[in-house]
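Below are two complexes that have chain A in common, paired first with chain B and then with chain C.
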Partner chain A sequence: MSLGGITGNVTALRVTVGILVALAFVPLLHNSYYENLGRGILMYATLSLGWNIIGGYTGYVSFGNVVFFGLGTYTSAALWQHWHQQNIALAVVCAMAVGIALALVLGVPILRLRGHYFGIATLGIALATQEIVANVDWLGAGSGFTVRPLEAYSAYYYAMWIVCAASMLATFLIARSKLGYALVAIRENEEAAAVLGVDPTRYKVTAWAISAAMAGAAGAVFAGANAFIDAPTAFALDNNVFPIVMAILGGVGTVAGPLVGALILTAINETLWSHFPQIHTLFFGAVIVLVVMFLPRGLLWLLNLRGGWKGLRASVGAYRA
Partner chain B sequence: MQLFWQSLVNGILVGGIFAVVALGFSLVWGIMNIINLAHGSFVMLGAYTAYVLFSTWHVDPFLSLPVAFVLLYGFGYCIQRFVINFVVRAPILTTFLLTFGLSLLIVNVVLLIFHGDTKGITTQYSGTNFSIGGVTVGWVKVWTLLVALAITALMQAFLTRTKTGRAIRATAMDVDAAQLSGVRVAHLYAVVFGLGAGLAGAAGVLISLSYSLQPSMGDPFVITGFVVCVLGGLGSVQGALLGGLVYGVIEALGSQYIGTGLQDAVALVVLLIVLIFRPRGLLGKATAS
Partner chain C sequence: MSEFLSIENVAMYFGGLHALDDVSFDVGRGAVLGLIGPNGSGKTTLMNVISGVYKPTYGSVRFNGKRIADVPTYAVCHLGIARTFQVVKPFANLTVRENVAVGAMYGRNGHNRGAHASFERAQELLEIVGLARVAGRWASDLTIPDRKRLEVAKALALDPEVLLLDEVMAGLHATEVDEALELLRTVNGRGVTLIVVEHLMKAIASISTTVVVLAEGKKIAEGAPAEVLASPTVIEAYLGTRYAERQRDVQP
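Moving on, here comes the complex of A and B:
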């Protein structure tokens, strides 16, 4: 599935960078609703970019990346609770280190698994970590942690923007580097890649560690902005599944896709919340089903579609039984 | 020591239910390479079917079991035929997410209708039990295990003795060859998914006899189904049965000696150990990679 090269459609990328730059000015509106919304978009875009490295470029569908996000939030919260450290940059760096360390330790055994086995193993890790964290007294156990928010609340917004922009830049650079081509080679045919001299284990673990660093950084900023952390918030199912749906909606294995997906899905989600709060999750399920059925390759892929309506029908029906 | 025997017996009794849950999961996975994340919601639907029949007409849950099977078979058939077949040959991520979305939809529709409070089925024989050597056993659980074993045996007979069963096994081996021999794949896939849903529904009815009901009650059973399939090896009825019993015992002993809040963690550790040392399951047949 060519999307105009390894970084994706060039026009889409330019537009997306434009959106990102525009998002930097949201705090100037001095409207806390838009600021929270914007920070949410940036957070989900970062999580989605992180998932995209392992799930999109490498083709290893992780259903447990929330574990790095959750541990990132806890790192940030623990720094405040136990050492009274409130520096965002320090929290981000520590959270990234924790994520990378866990990805390296778990990656070697877990990334030997393929396909569904990897997916379920990562899902199991996410569930198990949530259970374990909820039972550790040092991490607040069942009652959770508070983090004192900074006086300049917008600092969290800018921090999230920087984390998101850095993740996007990193994805762009990785995609164009030897690493990116190696990951795509592993996705397309792991055995062939190994024969051609790509060491799959090394590259897969590297990809997962990068993915973990992005999720961890987003978690560290989120903890401060949210002011309170407990296991159900940190390891929320939403934070696990939204980023994957966003990447798919935008376009898996592209640089621009995750932010496009995050923007659209957050908009849909927000509208549903304000109009139909009761059946909001139900609608979300329906959105997932429809996206997967009719846009299995994402919106950006439509930009490269040839053959108009006929081409669209042929492509949508390509996976029928 | 008595605690140990009690946990062991409890584990075996609940293991029968796990086997029926995993049977349907294994069938769908083995034949279409779909990890059905909506499997747990089918279990829940089965339990609610028993609840509705019991609270409205006082139908005994054991009699509701065939009803739940047929209803869920029909539901599953339609879902595969009109939704999943659309993308069945797409990369695994697609069906993973699709069934996740379906699960969200189903659970939330039930939540709208029945609300989130827990419900239960109390029959006249609910509390009755007997004891051997200090180990107390509820009659309901014994009957549940016997029914679970009967379902497993019927499924094995169906897959080996009937024409449809043979077509299913042929499709699992080679889709193209089966298609050339006249198997209508779109229809057969729907039959398989229907059977998977029906078995999940039957398991749900059995679960409703001993546990309380709630719209999200089915969610843990996706992981259960997966772990049991990995334990027993994919695509064999005996494997699902053995895996179910082994997992039931592990879970019962785990929550007895390690702690009740950590079942998922115990399940994960078991899963990883088996995946690393015996990637093809305890009964070791060929698996779809």
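Moving on, here comes the complex of A and C:
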């Protein structure tokens, strides 16, 4: 039997793993621009992979995953500020634990909500958490935290690479396991899934916890690399919206989609930024609108398309009212 | 009083609408119960109550001595009750085989079945229901009769003791109905109790050991197929008073 149908296109996955391996060598260029760019791609890919578990595989669109990223950065920063811990692995583990704990506590009540009600609840949580954190003295309140970076600065690059690769591997393993099928069954039809013995609440909460762990891990590494954390940085709107757009651009509910989306969107963003600094967000917004209008199932999905242009037009039509 | 499956004074109200009103009957182990009634008589609602999708307003359902009215949907299936949906609900973006495998993974025996074994089980069931030829297709590509077959295969993947079949023969042509009946007999022969909702009287008459008739949410008849289907009350409920009167006039 071939790879399970829910890992996505196999060729695309192989190529993407190749890209990921190539990204591991970026620090050897000793060029801080490329290193920062590469670390950004890996970070967004991780956030997008995290979002993809709950939003792509389970079909519950979260607009609040930045909460887990933000709390991850604060966990890392607090470890340095209060206990002088610079260990990246420790920060990552603690940030994942914080994310999982919060996802479990919040998930049980709000994952009982269906579809867009869940999305609205997560958005509320994201806004509320930012306000709360910005007012807690122990977390630096309004003025934020400085984090002393490690001497070996590339350690953050490699850490982000490991976090991203681990998230992709986890997604692959989930997509090939019974868990993956429970999530997809819930996405496809929650009532039918329940009748087949899938406990929807249990698996939705599990999916969100995994999603949170990935976002938290990315946040923990980001804090050290960024050297400074305050609430607007940690809970930035970009960190909430970009990962969603990346997953949609690459292909929701596939293993490779998020990294592909992160690469392409980062490339577009950088190009627009350098050529049209004043109006680059306008262009960026236009790209998002075009993707949603013409590629609702992402670029990777085009590889599976039959019937050339006709097939494409028919499939886009299927998403129109 | 049967110990196996009892519907006890079940009532289901949606606001002022009494979809089911004080319905009671028993189903013996290994029986085939035909559940019939005109459109809107509460058949599907009753299926939803038995499978745990709806909690009844009053009354209860007892299965193997256990009250299941308050058991969540997914757990009802673990107890051994499976159902198909009248309005089919395939997982459109999964293949036909994957659709069935989900049932094998999370059904009654799912906890001791891995992903691989579940796919093998799914393949076996697809052969039984006649879908092996389309096992690798997307479920969204299936024709309506094949979607009905898929519903049956998914329900069978749960290794049920009781199988609720909600109009799985609707839209099938005569040969396909015969095939479906043959399949149901095979399933029943393996000890699975069936509750069959169907509009095709011929099918109901040929397969059922008992028939229960619902009209406007109330049970109006219960008994052996031949006598129930000939009963004037049932004919009246289905075809209206005037038709029943005419029948009475024609007959001596």
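Here, the second predicted complex is superposed on the first by the 317 of 321 C-alpha atoms of A that agree within 3 Å, B and C clash if a C-alpha of one lies under 4 Å from a C-alpha of the other, contacts with A are read in each partner's own complex, and residues count from 1 in each chain.
The rule is short, and it goes like this: contacts are C-beta pairs under 8 Å (C-beta built on N, C-alpha and C of every residue); 3 or more make two chains touch, one makes a residue touch a chain.
Computed from a predicted model, the values in this text were never measured in an experiment.
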Classify the contacts of A:A134 with the two partner chains as first (chain B alone), second (chain C alone), both, or neither.
first
Please work out whether A:S177 is in contact with chain B alone, chain C alone, both, or neither, and reply first, second, both or neither.
second
With the two structures laid over each other on chain A, which partner does A:V195 touch: chain B (first), chain C (second), both, or neither?
second
Could you tell me if A:V289 is touching chain B, chain C, both of them or neither one (first, second, both, neither)?
first
Chain B versus chain C, judged by how many residues of chain A each one touches:
B
For A:G115, select first, second, both or neither according to whether it touches chain B, chain C, the two together, or no partner.
first
Which of chain B and chain C A:I6 touches, first, second, both or neither
second
On chain A, which stretch or stretches are contacted by chain B in one complex as well as by chain C in the other?
none
Which residues, counting only chain A, touch chain B once they are in their complex?
55, 59, 61, 63, 109-110, 112-117, 119-121, 123-125, 127-128, 131-132, 134-135, 241, 244-245, 248, 252, 278-279, 281-282, 284-289, 292-293, 296, 317-321
Across the complex, what residues on chain B touch chain A?
29, 33, 35, 83, 85-94, 96-98, 100-106, 108-109, 112, 185-186, 189, 223, 226, 230, 259, 261-265, 267-269, 271-272, 275-276, 279, 289
Complex contacts: residues of chain A adjacent to chain C
1, 4-6, 176-178, 181-182, 184-185, 188-189, 191-200, 253
Of all residues in chain C, which touch chain A in the complex?
51, 53, 72-75, 77-78, 82-83, 85, 89-95, 98, 101-103, 105-108, 110, 114-115, 118-119, 154, 157-158
